[in-house]
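Below you will find the structure I want to go over with you.
Order as written gives the chain letters A, B, C, D and E; numbering starts at 1 within each chain.
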């Protein structure tokens, strides 16, 4: 059974800068992988590239059986990405956002059990449903985005620092969710700076430094940060 | 010697919503306080209110000797705020941003030792200095903001989830910085969801729930999230 | 495609209902433009009545720019463009939806502006049938074109300025054609014009169809880059 | 205050040097507007030459809107407004700096547009002294006013649409006065006009002074609420 | 095309250049030889330059669109296509400017003004605006693929102005000359002389355009090659960083 993600010497450019300068990554279906590396190493870029949002200009890149260099779009419906930004319309209420994105991303209907459960699970039902997303707190935006992911439950999850901004309670919810995902055989790739957490997840840790996959540098080794040329 | 911050039954509105509905907080000069509470409890709003960015509409609010309800501006030059947003111009390079903000915020001159040291400390000197801020990674933006704070070294620091997005290396730098701040008698108020870290700092923890200061609820108690009315 | 289009249009109109940009800002803006024309074209010489149709459509055009900017800025919210691309929603649907929303706002705008012209410039409306036909076609064309260019500049951080630069010249044919038809309808027919109303109407029609097709084809690729 | 002003102006101009919005986009846009006017005001009736001054200033006005939008959007970057307020920089300085930057761009724009009008509308320039005086005062006034309104709408998420709505009517006096003076300079003096050039010039001057003072005083409070 | 690494010239372009310039000289020579017509005296000779320039502008616009189409079709996609589109647009803007200039110079004696609000003239002016806009879009910094696709679609939309401009004279009454080729009356030798020089000029102008285009494209290709090399270095540097960090 072929891997969910296979990258070989993949290169991605942001402007003219090689944010990814040769990444090798192989993730088996149902595997949980944590990316870690110094700021600016290219974790976010890597996740966006896997989602087909950043073109891979060199090397090999296959996601869910689709070659990203040929076709960046076919894999997307089966991918969920939680990035630094929430992807919600500031002028729509939580409820309206959920309704629209469920429609758009082929998730279950908004009034289905899956959606209502997900919203309740992340504590964004009730009063919050009527609040305009532009007014939400950082963590609440995260919660809504995660609720949408939970409701959609795609095959490949790409989570960019998912814990950032989540309170203790939501962090527990997240851990439960990842456990369920693992049980359900969902492939999950997480970018995180929280080593303790990564270990507690029992995930395979992949180190990224200066746009290339390598051994995870020790903190001391990073004293001279990687991105200072 | 009167406190650096004194709030009594302080109330703040966002739109028509009482994001702060009666906060009592007293922070002695040189003290390190960590705010913790569920998402949407009002931590960010509280920090912004202390910085005079959100008007306090009721109760008592004195910061660095200035009554916020009378004058929200006088205290600012002595305050530094690291919020969810970095406050950098996307179209200017790191160097240009630093130059401008040093000029603007009455920090030491851009070529002074203080500034160059701070930039080096946070690893945003060298190559990054020439990169447009819009291209920086999440963590790199944080680093630049923190470097500016370090260079300015105001009397009251308001840090909103300062660790978010920082890599292991930068997290160490942050801890060192907070230690130095404490040694220098600088007052620091941090909002964070990372309990372990708060304890490791040996800070006084203040709990905020639904816009009011109270005892820190246990995680179990939060199962029914505070913001679901 | 069509269901997506409806969902998107509904979404945009709901946002409009909440933020009231079109009704509270674009519309007054257009009226202000009419008044400014009045100032600029020293009325004593009284061109206004005669130039009314041209000014009317010029005001519409400028208002469309604002409407399109608003429509584009809706999609430029934090991470929204990415979410849109990831959602796998049919880009053609998105295009049609957004164009539809803009068109709806435009119709309302044109009606009000019409009254504005009648009152301010003292023209007396006639040949309504013709006017409606012209306005209808022009509206579709402008909505489609502005939506396309909105997507074109959507990705860049200089939307405000780039959109008018690209859109206005492209929309010039609509401006002429609609102006000529309106002249005709108002009885101010240009003597000896080698082309009749029919040709102008068909020009409007061609423009609309052209940009509709163009949008349906190009919107996907353009979204990719946004 | 002045040092702050210079720092801010330098910053804005550096951003302009980097993004080239004014030169590559606002300027062409203004020229397009001139052409469109030619279109809309069916030329054969030939009042273009006579209406030239009005249209010129109208084009300038619309270009100012874009320039101001750009200037405002610079300050709307993530957290920038907060940083500005926290920095304790003198708001009056910020205002003067931003206005200065806009004014610099405006001057260039007006010159180029001037040539455009001469060529396109077939006016032959005369009374340069008068023109320069009018343009100078108008520029200061427009830069100041647009900056003030930029700050006024800066906080809202509907900048694109709200700014023109507020600014254009406020700038109407400039439009009228400048137009009249230009008419005068071009020798197209309106017969029997009750007010002379002097009055119009002083109106421009008053407008400029008024908005400069207003900005210096109001900018701080406006930033607070942004 | 190894030599193009060092120079933008080649035997081909040399020949082209010579042909273009000599033909141009010939055209101008003939043009000056043309009789003065009553109403326009010497200016009627501009017919040797003005229409050809205008057509060259058209060709440039069409080539831009064609190259963009080639780029948009995945199978034929190539960086060269994008470069051709860009270069052709740049040259086209120059020619459009010349068209407007020569036209205005011609208009001054003919119509008594530099400019009239005639359909042809207006659409020509818009043509300039459209392609200035296109170049503006090209200049917006972005990843190569992004920029190329965005520009390509813009070019597809922009080219519509050409037919509009061409038929403007028919679609609505205009002061400007009608499409002379359509109304060429054989046997009238004066007309013949004019038309002849005009066609000669057309050939010359086209050659000139091709010559310029080739050079421009080669320059662009060199710069892009330099960028590629710079990129390779950048990748190396980034990898080196990684090694350094471990």
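In the analysis below, a contact is a pair of C-beta atoms (placed from the backbone, for glycine too) under 8 Å apart; a residue touches a chain by one contact, two chains touch by 3 or more.
No experiment lies behind these values; they were computed from the predicted model shown.
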Tell me, please, which chain's centre (mean of its C-alpha atoms) is farthest from the centre of subunit E? B
Longest centre-to-centre distance from subunit D, chain (CA-based): A
Cα-centroid distance, subunit A relative to subunit B, in whole angstrom: 27
With chain centres defined as C-alpha means, what is the inter-centre distance between subunit B and subunit C in Å? 46
At what distance in angstrom does the C-alpha mean of subunit E lie from that of subunit A? 47
In whole angstrom, what separates the CA-based centres of subunit B and subunit E? 57
The positions of subunit D in contact with two or more other chains are 19, 25, 28, 32, 35, 39, 42, 44, 157
Listing for subunit A: what residues touch at least two other chains? 14-15, 17, 38, 84, 90-91, 222, 224, 227, 229
Check: subunit E positions touching at least 2 other chains come out as 122, 126, 129, 133, 136, 142
The subunit C residues in contact with subunit D across the complex are 19, 21, 25-26, 28-29, 32-33, 35-37, 39-42, 44-45, 47, 50-51, 54-55, 57-58, 61-62, 66, 69-70, 73, 157-158, 160-162, 164-165, 168-169, 172, 175-176, 179, 183, 190
State the interface residues of subunit E toward subunit D in the complex, per the touch definition above. 104, 113-118, 122, 125-126, 129, 132-133, 136, 139
Which residues of subunit D touch subunit B once you look at their complex with the stated criterion? 4, 7-8, 11, 14-15, 18-19, 74, 77-80, 82-89, 224
Which part of subunit A faces subunit B closely enough to touch in the complex? 14-15, 17, 36-41, 44, 84, 123, 125-128, 135-140, 142-143, 161, 164-172, 193, 195-196, 219, 222-225, 227-229
Show which residues of subunit E lie in contact with subunit C when the two form their complex. 72, 119, 122-123, 126, 129-130, 133, 136-137, 140, 142, 146, 149-150, 153-154, 156-158, 160-161, 164, 170-173
